[in-house]
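Okay, so chain A shows up in both of these, paired with chain B first and chain C after.
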Partner chain A sequence: MAQQALWIPLLPLMAFVIQVFFGKKLPRQGDFVSVLAIFGSFLLAAPIFFRLVTTGDVSDSLSYTWMSLPVGFKGSGTGHPPVNFEIVIGVLVNNLTAIMLFMVTLCSFLIHLFSTGYMHGEPRYHLFFAYISLFSAAMLGLVISDNLLTFFICWELMGLCSYLLIGFYYDRPSAINASLKAFMTTRVGDVLFFLGITGLFYVFKTSNFTQVYQLVHNEALHELMIIGFPALTFIAFMVMLGTVGKSAQFPLHVWLPDAMEGPTPVSALIHAATMVAAGVFLLIRMYPVLEAGHMLPVVGYVGAITAFLAAMLAIVQNDIKKVLAYSTISQLGYMVMGVGVGAFAAAFLHLVTHACFKACLFLCSGSVIHAVHTQDMREMGGLRSKMPITFLAMFVSTLAISGVPFFSGFVSKDRILAGALGYGMEHSQHMLIPILGFAAAGITAFYMFRLIYMTFFGHARDEHKHHHAHEQPAPMVIPLIILASLSLAIWFAGPTGIESVDQILPVHWYDDAMESVQKSMGIVEEHSEVHHTAHSLAMVFSLVIAGLGIGLSTLMYLKAVFNPATWQKMFMPLYTVLVNLYYFDYLYMKILIQKGLLNFNSMLAAFDDRVVDRIFVDGWGRATLVVRSVVGKFDDIVVDRLMVDGTGYGTATAGWLVRRFQTGQAQQYLALMLIALGLFTLKFVL
Partner chain B sequence: MLSWMTFIPLLGAAVVLTLPRQQHNLIRLVSVVATAIPLVLGVVLFLRFDRTTAAMQFVERAPWIASFNIEYYFGVDGLSFPMVLLTVLLSFLCIFASWGIEKGVKGYFAMFLFLESGMMGVFCALDFFFFFIFWEAMLLPMYFLIGIWGGKDKVYAAIKFFLYTLFGSVLMLLVMIGMYYYSEPHTFDLLKLAELRPFAGKTLELFGTALPMDKLFWCGLFIGFAIKVPIWPFHTWLPWAHVEAPTAVSVILAGVLLKMGTYGILRMNYPILPEATQWASMGMVVLGVINILYGAFCAMAQKDLKKLVAYSSVSHMGYVIVGMASLNSTGVNGAVLQMFNHGTSTAMLFLLVGVVYDRVHHRWIIKPDGSQGFGGIAAVVPVYTGMMALAVFASLGLPGLSGFISEALVFLGAFSVPRFQTMVVVSSLGIVLGAAYLLWMFMRVFLGPLNEEHKDLEDMNWRERLMLVPLCILVIVLGVYPMPVLELMRVSVAQLVSYFG
Partner chain C sequence: MSGLASGLDWLTGLHGYLAVAASLFVLGAVAVISRKNAIGVLLGVELMLNAAGLNFVIFSKYRTAAIDGQIVALFIIFIAAAEAAVALAIILRFYRLKHSMDASEANLLRD
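Moving on, here comes the complex of A and B:
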């Protein structure tokens, strides 16, 4: 089974290679290669998933030695056999993997299919398919990874694909700015995540999930410290920051709304259904480490705050894709919160249900954009009759995301909120987490219905655009229908109470699957009395709050009982803050990067050029020149003139003197000799 | 075999000098052959290289100046062999990158071949004196290649390079003589010195103070090598030399010459002076981190493509220093692998910058008058853009490409030393910055609306594609499966780190 799972990412990877090199020359620019590859992956993933549904548990693994480095020798000296540090990579198929594989391949396949219609006639059509194939390969590779290192590699490759796809229209400055921003923001999280992985290797000497789950309970390892923090806390914190980057949690959420510059199928695939979910998947895989590092409350707050703040931002957006982008951030916040409060199974369920309904929402918005050629909801309206299937699909998924009973979002969100409430009731100092969670639920229902009303109901605000709108061809509509049907609660809800139905459908599949996974990871989920009460309470609360949100939205945008404009005036300061996105972008771009980083760079470069190079290095040269001229002068005046030439002069003078005596006259010599002799005699006598 | 690999280029240089001045194609052909033979021999050695031993292989040894115990002594082990491969490969590719040289063709290729001999000798020589001769001999062709075939400020750059490196050489010379005199028996044999390790605990009287001999020697050698790496603050010759040098010479400079510094430290400082190395390791980590960050910050401010790549080299060599300083197997393997991987990825970057420079004769990201130098050229040169993207992503350490593995090993290695952990955390900022300056450059040059000035830009021709394809393949293959190179070095590295217990 692991062998089979290994092929799931390899098929799209091969499609990527084919598309890059030959795509342009193939008929239809090779889009069928990518579609078939991902369909093949789906066909491979489906049996694994059905095995899970029928038997309740799948598990298999496979491993290869990727790198092996001798770190020392048994005994001393090179003659002895080496002790190796091995980096082992492989495939881990368990229940989580099986569910993820099925969900990702299905969504991905449908989005591929949709893209054949949506991207038709675009330039670099073949490259688009190459990129989304690589993306799917990376996501699937991440899902089957049994260790954090290959997990991280796939994680980064998705970052690359995200970069390439957001900047797909690379002649648009807004698109390339968005792609750079996305890559850099997530990179900050990624690097911190990688530090977490190095920490993991430092503590456990491995990053294999199964081994980590076992070792994490080893008390001796809890004593280790990294830069002054308990090692496990350090690792857990860094891993969480990786999620904060990839899953666009506050304060690194800024890239995701801008990422809507990419083509809409990309938004559906990457920025809703899969890549951002990878961050949550990481938290789920690393749950035992987060727990051991006492990081769960922090995770809970990050998620709750994100869920709330992003939902607020979605209210004031008029771009249909931006609304969905902020709703994605908000929903991801839910999942993160779910992990934080220990509602492990609920968070993972929300990951799956959200992937389906958010993919559907994005594809529907793509269908609308394709029809009316605008993303501004103020130019839409009344599209219900023109695009009935799109409307229906989008309406169903909106019901799901808003948490209306009988739809998938209700099931998963209710479980998360129940978990959060239970957690808040047990630890009353953390009551803020469920409060933010419930508030976000209401706001979600409000802005999603605002979107539906502004787009599909009322009168057409732009007659011209409305006139040209029409329903899309089959490859674009079929994915909508399938995804919308997955937004029904029936697939996830558990026992319905109706015996005939419960007997036919494997209603317990999800809970059974989670139970064995949690056992294998060593997670104990709370089933106390408090949680039981919380569950009933939460159900009531979430129904009431969702109803309030929908009701208010209906009154404002459908019935026009309240005028949104007056409300906007009433909350002007809040509105200003929201329209300016809490000034995060301003802080990052204007202050941190433009004022801070770029100025610092120029200063440092100038320092390097003028001080280090010109003064420090060339200074030596100049000093040498000075020394040279001094030494030169010394050489010239003292050594040469005085000493050398001086010697010469001395010699010359001596010679001149001596010459005086050398007259060649014998009498004179004789006289001198006599004088000398006389002097000697005199000396002896005296 | 190693002698053939070393001296065939020199022979080629001699042949080139005898050819008539006007026979450009003949000169180029001779150069191709003279670099192809070492490459082929390199591949043969790669296949024959024994991956299970740390001992020197393919040894060639003969007494040379017997009265001073100086030997003709060649051999390679896991540390030097990857560098030998890098040298023969890049030299061969650079001949093709030099195809466009029109001025003084004969002199250029003769110098270039001479340079290859010098580099080979440095990596193969195992006698300090012999090593030193190659080390110095290499300076000469480099000086002329920059000074004659360079850009606007070529003479300044060449003299700066020459004097700076010479300064390092003087220190090295002093240490070399010191090692000879204080070893018993007097020897220049590096392996013998590593075996005897005679300098620990001794003192040397200098200016009336007694200084620990091994630390003194260590510092002398280190500064000599640090200039070559270059380690901050000895790096400023590098932007000048890179920017002024012709493309092929920049490639050799960044691809091979920089590694000589780190190779020298691993070959001499580590095995001969292990105690001093341990003493200095914290300092090395600090310098390495400074290199990483300082180079990255400076790179981000550059307006000249080549200068940006030059500073990125400063930054990337910082990882090598950090990995080396960790003194454990993972870190040192990462460092040596990073030396190799940086050689390929930076060579790609320089070759690609050269490609565009050949066409438009400038390489401004932002021109001095403030306007965009390029912009949007992805639309007209897709193959070039694709290759550049690969080089950029390899260079910024994208997983799946070669740079990631070596940086990851360096991080894992350094992080396993508790006292270095803070520095590792600080240096991780360099990875973010690395992505920032490279992608920002990529965006400003290749993406966005097409700059009308360059709408007729030609895409890469076959010669240019062929010279880049081998590097592309290496970057991808070693990113997915690095063992072919790690296998070469890992036993030697294990032996090296065993000195540090």
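Moving on, here comes the complex of A and C:
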């Protein structure tokens, strides 16, 4: 099964390679390659998922030794066998993986299918499919990773893909800026996450999830310190910051709304199945470490604050995609909050339900944008009759995200809120978390219905655009229908209480699956009396609050009982703050980057110029010059003159000397001979 | 007189003849080395040859009963005659070449 799971990311990866090299030459620019590849992945993922649903538990793994690094010798001295530090990578298929694989492949497949219609006729059509194939491959690779190393590799690959896809229309300066912003902002989180992985290796000597789950309860590891912090807290904090970057939590959320510069299917892909879901998935995978590092309340607060603040921002947006972007941030905040308050299963369920309805919402918005050629909701209106299927799909998804009963969002969101309320009731100092959560739920209902009313109801504000709008072709509409049907509660709800129905439907599948996951991760979910009370209370609260939000929205935007403009004047300071996005971008751009980072950069540049260049580089040059002249003198005087020329002169002198005797005059030779004879005789006689 | 005679006693007999031969050799050698004229040089060579021949005769007379030395001396005379003929021929060729008899001009061996 793990072998089979390995092929799930490999198929889209192969599609990516084919598309990059041959896409342009293939018929239809090869879009069918990507679609078929992801459909193949879906066909591989489906049996795993259905086995989970029918048997309640799947578990398999594969591992390979990636590298073996020698780090020393056993015992001391040489001659002992070397000790190797082995980095093992592999595939882990458990219940979480099975659900994620099914959800991601299904959403990705539908988004691929939708793209064949939406992107039709765009330049670089084949590259678009190459990128989204790689994107899906990276996400699927991340899901099946059994260790943080390959997890991080896929994580970064997704960062790259998001950069490429957000900047897909690279002839627009705003798209380039947005892609850079997304890349840079997530980078902040990624670097810190990598620090966390390093810390994890330091503490556990492995990054395999299963091994980490076992080791994390080892008390001895809790004593370790990293730069003055308890090691586990350090790791948990860094992992959380990784999620903050990737899942666009406050304060690193700024990239996600700008990411709307990409084509709409990309937004759907980023917001539903991949990228941002990866961050939450990381939190869920690392839950035992977060717990051991006492980081859960912080995670809870980050999530709750994000959910609330992002929901507030969504109210004032007029761009249909921006509204959805902020709603994504807000919903991700819910999931993070769910993890933080220990409602682990609820958070994961929300991840899945949100993926379905958010993909549907984005594809519907894409369908609308494709029809009216604008993203501004103020230019839409009255599209209900023109695009009935899109309207219906979007309406169902909106009901789901708003938490209306009988839709998927209600099931998962209610469970998160119940968990948060239970947590708040147990730890009354953390009551702020559920309060923010409930407030966000109301606001969500409000702005989502505002979106629906402004887009599909009322009269057409732009007659010309309204006139040309029409329903989209089948490849774009079918995904909407499938995704909308997945937004119904029936797939995710627990037992209905009606025995005959419960026997037919596999209603327990999710809770069964989560139970064994939690057991394998060593998580004990509390089922105290407080939680039961909280559950009933939360259901009532969330129904009332969602009803309030929807009601207010209806009165304002459908019935026009209240004029939004007067409310805008009434809350002018708040409105100003919201329109300026809490001044986060101002803060980052004007203060952090222009005043801080740029100065810091110029300081570094000055250091580089003055110290590195002048002192080290130039100094080295000067030192070389001095050495050069010394060596040159030595070479000139000693080597050249004394030795080379000296040898020459010596030979010449010797030659000159010997040449004196070589007169060619026999008389002189004879004289010398006689002198020599005399000398020999003298020697002989004496 | 007797003093002087007794002082020169060693000149009588063998030593006297040897002294004559040595003087002859030295004279010949000096002539060979210092004469500029090639014929002078040749004359010096002849003197040295004769000094050597004289030595053969002297040692034959005073040291052996045999006449080997005298016979060698005769050979030397013959060889000297032949050598003189060759040498004179060389000198003639040299004069043709250089229009001079100066032995110092015969320096081709230098090259």
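The working rule: the second predicted complex is superposed on the first by the 596 of 686 C-alpha atoms of A that agree within 3 Å, B and C clash if a C-alpha of one lies under 4 Å from a C-alpha of the other, contacts with A are read in each partner's own complex, and residues count from 1 in each chain.
Definition applied: a contact is a pair of C-beta atoms (placed from the backbone, for glycine too) under 8 Å apart; a residue touches a chain by one contact, two chains touch by 3 or more.
Quantities reported herein were computed from a predicted structural model and do not represent experimental measurements.
Engineer: Should A:Arg187 be classified as contacting the first partner (chain B), the second (chain C), both, or neither?
Structural biologist: Touch partner of A:Arg187: chain B, not chain C.
Engineer: Is A:Pro27 contacted by the first partner chain B, the second partner chain C, both or neither?
Structural biologist: neither
Engineer: Going by the contact rule set out at the top, does A:Asp613 touch chain B (first), chain C (second), both, or neither?
Structural biologist: first
Engineer: Touching A:Gly121, do we find chain B (first), chain C (second), both, or neither?
Structural biologist: Once the two structures are laid over each other on A, A:Gly121 reaches no partner at all.
Engineer: If you stack the two complexes on chain A, which partner ends up touching A:Phe85: first (chain B), second (chain C), both, or neither?
Structural biologist: first
Engineer: Among the partners chain B and chain C, which is in contact with a greater number of residues of chain A?
Structural biologist: Larger number of chain A residues touched: B.
Engineer: Residue by residue on chain A, keep only those touching chain B in one complex and chain C in the other, then list them.
Structural biologist: The overlap between the chain B and chain C interfaces on chain A is empty, containing no residue.
Engineer: How about chain C: which of its residues touch chain A in the complex?
Structural biologist: Residue list for chain C touching chain A: 29, 32-34, 41, 103-104, 106-111.
Engineer: Name, in rising order, each residue of chain A that touches chain B in their complex.
Structural biologist: Chain A reaches chain B through residues 66-73, 76-78, 82, 85, 149, 152-157, 160, 163, 167, 170-171, 173, 176-177, 180, 183-184, 187-188, 191-192, 194-195, 198-199, 201-202, 225-227, 597-598, 600-602, 604-606, 608, 612-613, 616-618, 621.
Engineer: Please give the residue numbers of chain A that touch chain C in the complex, ascending.
Structural biologist: The contact residues of chain A facing chain C are 662-668, 670-671, 674.
Engineer: Can you tell me which positions in chain B touch chain A when the two form their complex?
Structural biologist: Interface residues on the chain B side: 53-54, 160, 163-164, 233, 235-237, 240, 294, 297-298, 300-302, 328-330, 333, 376, 378-379, 393, 398-400, 404-405, 408-409, 411-412, 415-416, 418, 421-422, 424-425, 428-429, 431-432, 435-436, 439-440, 443, 446-450, 481-483, 486, 490-491, 493-495, 497-498.
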